[in-house]
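Look for chain A in each of the two complexes below; its partner is chain B in the first and chain C in the second.
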Partner chain A sequence: MKNMPERWFRKIVPYLFVIPALVFFIVFFIYPNIDVFRISFYEWDGIGPEKYTGISNFERLVKDSEFWSWKLWFISSLCGLAGAFIGVILASLRNRKFLRWGVFGFVLGLLGGILGGGIAGVPAGALERTLVIGIQSVFIQLPVALVIALILHGKIKGARIFATIVFLPVIISLVALALTWRYMIYDLRVGALNAALKIFGAKPINWLADLPLLSVVITTNWIYIGLYVVIFIAALRSIPSAIFDSAKVDGLSSFHVLRYIVIPHIKKVILLTIIMCISGTFKAFDLLWVMTGAEASEVHITSTYLVKQMMYGYWGYACAIAVACFFISLAIVAVQLKLMRIKV
Partner chain B sequence: MRRALAYLFVVGFCAIILFPIALLFINSLKTGTEIYSSPLSLPTSPRFSNYSDAWNWPNASIARGFINSAIVVGISVLIIAIIAPMAGYSLSRLEFRGKSTFFYVFMSGMFVGGPAIVAMYRLMMNLRLINTYWALIFPYVAGAMPFSILMMWSYFSTIPKAIEDSARVDGLSTFQTYWKIMLPQAMPALFTIVILQVIWIWNEFLLGLIMLKTPDMFTLPLMLTRFSAGTTNYLYFGVFAAGIFISITPLIVIYAIFSDRIQRGMTMQLVKG
Partner chain C sequence: MDRKVVILLVIVVVAALSFVFLTGRREAKPKFYWWTPHAGSPTHTPWHAEVEKLFNQIYGENVKLVKVDYSTEDFKNALETTMAGDYPPDVWHSWGGGVLKDYVDAGKVEDLTSLLNEDWAIRLLPPENRSKLLWNSTWNGKNYGFPYTIGVVQIYINKSLFDAFGVRVPDPTRGEVWTWEEFINAINTFKGKKNGAGKDIYPLVVAGAEEWQLSFYYMYLVERIGGADYFKKALNGEPGYSFTDNVFIMAGQKCLELVEAGAFQPGFINAGYDVADYLFFDNQAAMYLQGSWMVSTLRFRMRQLGRDFPLDVIYFPIIPGGAGNKTNLVGGTQDYLCVSKKSNFKEEAFNLIRLHGTENVINSFLEKVGDIIVFDSRVGGGLNIPESKYDPVILKQISLLENAGSLMMPWDQYAPRAFALKHLELMNRLFSGRMSPSEVAAQHQQMAEKLRQEGKLPITFG
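Let's look at the complex of A and B:
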């Protein structure tokens, strides 16, 4: 009988270890994340009482041309259909599965359409702008990072120092980087870009006012390429070097090494970085907020648009935006996992 | 030839990465007038007083932001370093019912959600914590849990079971085993978590923007935005650059010392999948 309390205590000890972390996590992470869904059905100004308004926040979201505009989607889905068509034709020529190639072509065409349309200046809302930034980072950051990683992996002198340098922006505060780029690089009078233009006798450009999206994209790529370089280097290290050696003996060109050895081996990592690029843009806030001048700016991505709505007192509507973004990024991840047929 | 080209490419890319930061440093030693007349040139005589001016800038003192950030980071990381290894240890080495459920609850945070700021504000309002350090510390600690617990969990899983068994034979209780035997073994992982969380929390901006109302409470990133509003002009541009440079110095120093560990920590799970 004497052993009873002791045995009982033994049983609950593992729970005692978990409970502090669990309490913090449930109260300050899970609960707010669920509460967002509830508040999205209310009207709230952040001060007074909440007022239940049903789905009116979502109705507003659907109609909000600042959040998303149908024009870009229309053009992109045409591109998507064209992509699907090409995919099916290619599949039939090469005896592959129609459906998979069709879907793949559609997604590629859709993404290409959003990217191309966004760059060409089709009126875009916050959602499209977020996607444009995310998709362009897939097509620019990842290939550049892979090239640099391959070079650094090839036993180049000082590879460690180079990797350390390119990774540097990742650890610096985005606010500090945004301010540095805004005033040191893009500024109309003292920015380095305009100083360089002046040397060539060209007219200065007000980068952040006239080309806000391009400026933000340049800075984003500048920051994050280093992250993917380091990720790819780590992934390349996991490939047995014997494979590289035998490829060298067989006389494979470096393109073939890339196509048949490197990419198949690090496929999973590439998939994860693609997801990071796109879903990361939905979380990006600091850079655009600080660079383009907070809520007064015309140029928003989903996260800054959400905070802008908060600043204007539409807190329920902000939650509706958060809910929409949650499902969109969930869908993106799901589609990609499905396409690449990789089980996580 | 191709090797030289590759080398050149990498060196050029590194130069592009370093350029804005180097320019920031150069300009932090110039007067505003100098920057306006020749933005890219070296300072004629380095003006170190920019740094003390920025440090003590009225209404947006970098010093105040620095201290606030240090307090928030210090308390958050201390709590994380105590509770995350405990949970990670329990989830990886102890046997109890519902263990995998607990694990999945924590891991859900890796994939979904983020700072749900509206709801977080409402919660802090009800707890009467708006404009206090706690309004930042609690969410930071909670947000750090999935990653930190996963790191500790996977590290504890690599430690041989025999060590734990011999401790039990010696009559140590579960808690003593954890505290005296297992935690010292897991120090490398704990250290990585501490450094990464210091970096992430030091840089966090959005939550502070929503929760903090008065400048005397502002963390460094917030203080920088306020500071920049008063200093990005003809007179004080050098002070502005100095202020920004002060704010990034601690992290650059930490990174210079622990660059390998930081890189590995930030990319770890991705590559392991």
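Let's look at the complex of A and C:
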């Protein structure tokens, strides 16, 4: 009985310390997110009264060809089904699990369909552009970063300086980088890329006007490869050096080292970086907005399209887009986790 | 022991927080905020800073005025967001028109009618001229903004380049104006030429990334083809008027004619304000369709470089057979100061407006900025401002304003914000060749119809 106040005090104190952070978290994170769900069922111009309109914003979203292109998804779905079929066939030939290989084939076919359809000129919406940027970042940024990390992980002179240089873009403001690339690299008159084209006698290209998505992708990759290099270097350092030594003694090739030692050891980190790539694309905003002046641009990704709708005074619709993006990202991450067979 | 440490920590934290809140509250004056869209302007920024300092000296015993400068687009977006969040700044700048009306309708803007009926305001803005000067900030007879300038959009020219290539300047003070054909001829004369420094000359420069600069061409062409009120009538859906009419399609075709003639600098579609300004200031462009606010920036830069600039101004060309008038100009009263209805510092906000109306501040504006001030008796104000206070080109524009048939407010300021944004987006599509003139016209019509359904159009003023 004597110790009751003290025991009670000890129990309560940790919560007291957590309360300020919890209050901030609820006020600035939980509440706005819940409110986004609520507003998505309203018509609101941002200044006047809100008007409940049920699911009309979501109906508009389904019909909005600027947000998503049903043609592209139709083509992609066919590719996905073909992928699933090939996956199942391969699974039966190699005696593997049908479901896993089927799902894997479907996802690959779907993504390939979006990418191929987009390249073939099927008009894409903001959602497909976002996915394409995300997919390319997984297939370009991560392998390139892993290769650089592997090189730097070996005993090379100046590796630390090189890693620092590669990482530098990550710590510079994205707006500053966007402006630098816009004027110094892509500008039609004075940009470095056109100066290089001129040397080879090629006609200058108005990069940001004619190839906005490609330009943004190049800049994005240049910025984020550095981040993943640093993450992979840290992951590689966690692999005991004895394993590499024994691989050397056993005469394993570099590819086998990568396939059987490096990748299994850093599997969780790879999953993390894939999630970072995809979710980062849904959050990406500044680069495209600043480089292409996206307010009037027709090339939108989900985030810039959402903000554009807000600017137009369709706040309810913008919130519906946000809700849709939330569920899409959730589904993507769930599929990734399933495929990687890791429970988080 | 642990318990003592925890208690000690709690005491220290509570004491520190109390110190910060209590002492902070006692010592710091309450702040009220004034937002401007002039960040980076070499002329406006020092003037605003001077007004801020003056206000804090005169009225700053119990309150502190904090000025926040945004770039134009950031300003619009930040204001929109704070309006949505219901925490707008106490005082902000406005261009009047449809966007201000949206805020007024939502009950966000303080009625300034009684303030503008004070003696000092009546002296600056004579009541008999207010319907002409304040129409775009007045609804139901109530004034919602205190204006400061009149902006006029015209073609600025580099006289030296005109002389060097034998292109005769049509003098607007003598009523001279080019026909569209003569304009195209002049463009062809300048095309492919080099200036004294061996740099390429562009017949026209435009900041395509600022779509409102592209819109200047379209607006003027609609006026020259269809007449001064054609746009307003189409916007408000008056019988017999539509954005799909030939007037708008022809205007779009003429814009494309300029693009196809290579009139603009390469890469104009995503060139920023600074790029277009630079090319014109650096004698690399013969003409620049811009607002009168450009003059003060140009003069400032030239003073920095220690050189003069052979600047002049001409009318926008006429279209033979068109219903427009050569003296009709694009422009209007702008730089309004508006006060938030929610502000806790209304009297201070009114004092800031009163301060803007003092001789001291007006003279400082003319000296540091030098745009056309709305209080000038030549444009309808109540002050006799000596000619020596203005740049000669601005003076010429004031005389053209005096003789203007009409003054058409830029569409992106006149119309509701959703229409304005759609219009600017469509200008990007049109000039980049990604949308045909008839598609652009159809999309304008579609948006206007949508806003009519939503009850945001027709728009009324006065």
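To be clear about the criterion, the second predicted complex is superposed on the first by the 331 of 344 C-alpha atoms of A that agree within 3 Å, B and C clash if a C-alpha of one lies under 4 Å from a C-alpha of the other, contacts with A are read in each partner's own complex, and residues count from 1 in each chain.
Rule of thumb we're sticking to: contacts are C-beta pairs under 8 Å (C-beta built on N, C-alpha and C of every residue); 3 or more make two chains touch, one makes a residue touch a chain.
Because the structure is a prediction, the values reported are computed rather than measured.
Undergrad: Chain B versus chain C on the shared chain A, clash or fit?
TA: These partners clash in the superposed model.
Undergrad: By the touch definition at the top of the document, which applies to A:Phe28: first (chain B), second (chain C), both, or neither?
TA: In the superposition, A:Phe28 touches chain B alone.
Undergrad: Does chain A have more residues touched by chain B or by chain C?
TA: B
Undergrad: Under the stated touch criterion, which partner chain does A:Gly46 make contact with: chain B (first), chain C (second), both, or neither?
TA: It touches chain B and chain C both.
Undergrad: Would you check which partner chain A:Ala202 touches, where first means chain B only, second means chain C only, and both and neither mean what they say?
TA: neither
Undergrad: Between chain B (first) and chain C (second), which, if any, makes contact with A:Arg189: first, second, both or neither?
TA: After superposition on chain A, A:Arg189 lies in contact with both partners, chain B and chain C.
Undergrad: State whether A:Val13 touches chain B only (first), chain C only (second), both chains, or neither.
TA: Once the two structures are laid over each other on A, A:Val13 reaches both partners.
Undergrad: In the overlay, answer first, second, both or neither for which of chain B and chain C A:Tyr312 touches.
TA: A:Tyr312 sits against chain C, while chain B stays out of touch.
Undergrad: So, does A:Ile119 touch the first partner chain B, the second partner chain C, both, or neither?
TA: neither
Undergrad: What residues on chain A does chain C touch that chain B touches too?
TA: Of chain A, residues 10, 13, 46, 189, 310, 315 contact chain B in one complex and chain C in the other.
Undergrad: Can you tell me which positions in chain A touch chain B when the two form their complex?
TA: Chain A reaches chain B through residues 10-11, 13-15, 17-18, 20-22, 24-25, 27-36, 39, 44, 46, 144, 147-148, 151-152, 154, 156-157, 162-177, 179-181, 183-185, 189-192, 195, 222, 225-227, 230-231, 234-235, 238, 268-269, 272-273, 276, 283, 285-286, 289-290, 303, 306-307, 310, 315, 318-319, 322, 326, 330, 333, 344.
Undergrad: List the residues on chain A that touch chain C in their complex, please.
TA: 6, 9-10, 13, 16, 45-48, 182, 187-189, 204, 206, 208-209, 292-293, 295-298, 308, 310-315
Undergrad: What part of chain B is in contact with chain A in the complex they form?
TA: 3, 6-7, 9-11, 13-14, 16-21, 23-24, 27, 35-36, 39-40, 79, 82-84, 86-87, 89-91, 94-96, 99, 102, 105-106, 108-109, 111-114, 116-123, 138-139, 141-143, 145-146, 149, 174-175, 178, 199, 202-203, 205-206, 209-210, 220-222, 224-225, 228, 232, 237, 240-241, 244, 247-248, 251-252, 254-255, 259, 262-264, 266-267, 270-271, 273
Undergrad: Quick check on the complex: what are the chain C residues that touch chain A?
TA: 3, 6, 10, 73, 77, 80-81, 83-84, 102-103, 105-106, 108, 209, 211, 265-267, 269-270, 416-418, 421-422, 424-425, 427-429, 432, 434
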